[in-house]
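Right after this note come the structures.
Heads up, the next two complexes both have subunit A, just with different partners, subunit B and then subunit C.
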Partner chain A sequence: MSTADTRQGLHVENLEVAYNGVPAVRGISFEVNAGEAIGLIGPNGAGKSSTLLAIMGATPRTGVVTVHGHDISGLAPEKVVRTGLALVPEGRHVFTELSVMDNLRLGAVARRDKSTYKSALEHVLDLFPILRDFGHRHAGLLSGGQQQQLAIGRALMSDPDILMLDEPSLGLSPTAVDTVFEALDVVRKAGKAVLIVEQRAEFTIAFSDRTYVLHDGVITLSLKPEDADNVEVLTEAYFG
Partner chain B sequence: MSTSSAVDKSSLRWRLGPLWSLVSLLLIVTAATFITASFGKSLQVQVQYALVSLVIVVALQIFIGTSGVLSFGHVAFVAMGAWTVGLLTIDPVLKENLLPDLFPFLMHAQAPWILAVFIGAVIGGLLALIVAPVLMRLNGLQAGIATFALLGVVNLVLTYWSSIGPRSGQSMVGIPEVLDYKLALVFALSAIIFAWLFQRTRPSRLLRAAREDGIAAAASGINIVTQRVIVFAVSGAVAGVAGGLFALTNRVVQSSQLYIDLTFLTLAMLVLGGTLSLSGAVVGTLVFSAIDVFLTNLQSGIDIGSVSLSIPQGTRPIILGLILVLMLIFRATGLTGGREFVWPFRTVRPLPGNPPTNE
Partner chain C sequence: MNQLIQSLVDAISAGAVLGLAALAIGLVFGVIRLANFATGEIITAAAYSLILTWDLGWYISIPISIIVAVLISLLMELAVFSRMRNHGPATLLIASFGLSFLLQRVYELIFGNNVRTAPIASGLAQSVDIGGIRVQMLSVTTIVLAAVLLIALQLFLTKTSLGLQLKAAAADFKTARLVGIPAGRVIGLSFALSGILAAAVAFVLTVQSGAVGPSFGVRITILALVGAVIGGIDKISGSLAGGFLVGFATSMLASWLPQEMTNFKDAFVFVLVIAVLLFKPSGLLIKGRGVVRT
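Right, the complex of A and B next:
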């Protein structure tokens, strides 16, 4: 990407991922701008998680991925985080043997501006009050919903401009899912870009400003929030 | 940082918990040393060897326990320390006769023993730092084999390069008798305190997090290789100190003593106690050494009243091996289960500021 590229947010162009020669993502393009939430839905094996891992630099890929106009190709995941992109991995992956506070501290390792650490921590604890109450508890003792809040809080501690989440509702109770998405709404309204990969279609379509349907590694549909109740559209999305 | 009042009430206990884990280890090692030493000169010597082993095992634990990566190469850093102390403390006149091929600067180099131990630590740490950027990219079996290869290379160089040591098959003798079991105890306690403090540093904490969950660590922006390199170098320096102590205890240094036997002996001690905690390193070394000393004495016969007990020569390594096998089958996480001691007699994971699990 040329240095003259002044676009903000995340831009993905012609992204391709293959495992042992078998294509998982076949040349998809999309963008996520500041203050908007983008959903990526599709059946199992559609290439959703591969897309996120490829953007993070955790799996080999071709195509161009830019953050604020800067090409991040070839960067290791720990360097990608420092460009302002954060990933909440599938299955939460909190450090179960560490306390809640230590998890949050580790999230701040990649902060570009260390001087705002304290206010960022306060912000995360205000967003997820349960983390304040359980600050010294082992993260492994938290419920699934609380761990998801912690995983999001930890990602926010790196002060990302773009927050990517892989199946944040997986295994959570309906109330816990509500809590998580309410927080994501706050994050979006604070001007951050949010990219959500989900299996739960209706929920994601209703929440996101745009939702792309991924099928066999290709984007087959682009949906708006009002499509959330349209059964035909959803059937089309999942069964082609 | 604000925390709820419920958290503040018990935070003192969380802070004191890890401190107790340190104090208890220091007390156990001190007590074990003096009690055993009170039984006579021969046991004092054996205690001194055990304390040297303890420093090696602590060095191993700093790296293996923190990173979760196996190292068969740490005795290479021990050898660096032993060689350094040997070369710097043997009288130059003696060196001219015993080590005739030495580089001239090594022939004349001399240092007080304590400075020599320190230089040995620096050299051990430097060697670790030089090889780490390559080795620390490896995991699992590859890491084990690569570190073992390092040990092999270092051993060959020390065995055959007579410009930095004795001619092949010979040994360095004439190392001064300056270390007794009490001084060795001071070093062992210092190593434990150092390891305990190091557990609280940023590289150690980051690497423990990465050990637990590599995906989460990378997503959090932790560069695992960098943290491993730092911890490997620090642990190499501690192994270097242990090497110096070995030279001053054994007073004869030969490359064959700093090779596979010592590697597996010290790894067995760590595995017996539990690799994931400092308590494991200490308990493993003490228990293993106690059994070892007991079996050694039993081989030469122990008199209890009018009865004389003895076991055939060569039984000792068989029994030690058997104990280790049983340990791996029935309690693979070691005697301590990878946990640290916490007052009153509970154990928690070796991380600062963490709550006991039942609160």
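Right, the complex of A and C next:
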């Protein structure tokens, strides 16, 4: 892919990931454009998390990944973040011994425009008011839902154009899941692209503009929001 | 009573030195999972620098020894460990053993097998009377030096962006990179800080002994490594506390064991270590059994 590529958003072409020679992702292709939410669902071991980690440069891969037309192959994760991608990892992985504010400060390390730090911080604190209330609390003392909000807030502090989330609803109460997805809707409506990997199929299909089903590292189906209530489609998605 | 207080001051001082040495190891381990056995050779290099340049004045000699320690530390990372980034902690540890032996031979070639001597800060070897209790000036200086360094390090880690990045990387390196913290920057920083701490340790040890040979830094590194492990090498504070505990225990045993048993003081310390490893293998300051990181 040359740097003359003028496409916007995230483009993944023929992505392959293998661990010790065992394929985890087998040549998948998809795109995520500004202002849209894309879901990736599938059973355990389907290759969902590997896809996100490979896009971030955190695991070896082949294939082409471009952000706004720029090939990011071979870039280290910390450089990928600077191209406009951010990942909220599975399990949240906030820095538990640091305060909420310090976690958010660290998220801003990769900001391309440092002059807008304060307004970005205000935006995140407006989106997740609980983080303002608990700003000086150790992140490890937050509940799972609050930690998820912090992890998303930290990712937003880098001012990404494309926000990727790995299992954002994992281990959260229904109320916390609602809070998280309401915030993601705001993010999407602000023009950012959102790529969500989830186990909760109905929820993801209903939220996303398109949802891809992964099976054994291959995209087997593409679903629309109206498929969320279609039991046959969901059964097909998960059991083939 | 006086003897008890004197031995307590000495033990705190010994604990402070070993705490600093363990911290030098723990800082690097936190970031790249390297228990750098060659930290001893950074200490030795700083000690040689002090001994060989002391005639120029302490205000020249001490900065030179710090610069040498930082440069050797960074050179180790650049020449050896940066090329082994994808290897596990065991491989990195073995590599650091190799590097340690290699550097000892290099020092032997350059400076010879015999020790080099110089009266480093000889004024600190005297005792002072504090409230009727005689304590070694060096012990007091060591405690003050360690306290200043720890406060400075704490301020750096909590108040500066670079320090926060290092702290985050030491807690979870993989996530730190995903957040956008540059790996090379924090790794280099951890080695540089490790070098500064090693130089401080070298200063105290050189004042104590006034002599340096090729294997000068080996014993304290073994004890510091042990301290870091029993304190919890996964945490910066764990390494510091473990190092302090081992130094404190060694010094107290040297003061209070019967004369005929003082040669076995290290053995007693290692019994303590075995006990800790049996009942708390992840380290005293790590909650639970610790997390295996890849």
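Just so it is clear, the second predicted complex is superposed on the first by the 240 of 240 C-alpha atoms of A that agree within 3 Å, B and C clash if a C-alpha of one lies under 4 Å from a C-alpha of the other, contacts with A are read in each partner's own complex, and residues count from 1 in each chain.
Convention: a contact is a pair of C-beta atoms (placed from the backbone, for glycine too) under 8 Å apart; a residue touches a chain by one contact, two chains touch by 3 or more.
The structure displayed is predicted, hence computed values, not measured ones.
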Subunit C versus subunit B on the shared subunit A, clash or fit after superposition: clash
A:121 touches, of subunit B and subunit C: first, second, both or neither? first
Contacts of A:93 with subunit B and subunit C, given as first, second, both or neither: both
First, second, both or neither for A:185, with subunit B first and subunit C second: neither
Partner chain in contact with A:133 - subunit B first, subunit C second, else both or neither: first
Touched partner set for A:141, first subunit B, second subunit C, both or neither: first
Greater residue coverage of subunit A in the superposed arrangement, subunit B or subunit C: B
Which of subunit B and subunit C A:101 touches, first, second, both or neither: first
Subunit B versus subunit C as contact partner of A:82, first or second or both or neither: both
Which of subunit B and subunit C A:226 touches, first, second, both or neither: neither
Contacts on subunit A seen with subunit B and repeated with subunit C across the two complexes: 56, 58, 76-78, 81-82, 87, 89, 93, 95-98, 102, 106-107, 109-110, 154-155, 158
Residues of subunit C defined as touching subunit A within the complex: 161, 164-165, 167-168, 171-172, 174-183
Footprint of subunit A on subunit B - complex, ascending: 1-4, 6-7, 10-11, 14, 205-206, 208-209, 212-213, 215-224, 349, 351, 353-355, 357, 359
Subunit A residues touching subunit C - in the complex, by the definition given at the top: 56, 58, 76-78, 81-82, 87, 89, 93, 95-98, 102, 105-107, 109-110, 154-155, 158
Subunit A residues within the subunit B interface of the complex: 56, 58, 76-78, 81-82, 86-89, 93-99, 101-102, 106-107, 109-110, 118, 121-122, 125, 132-133, 135-138, 141, 154-155, 158
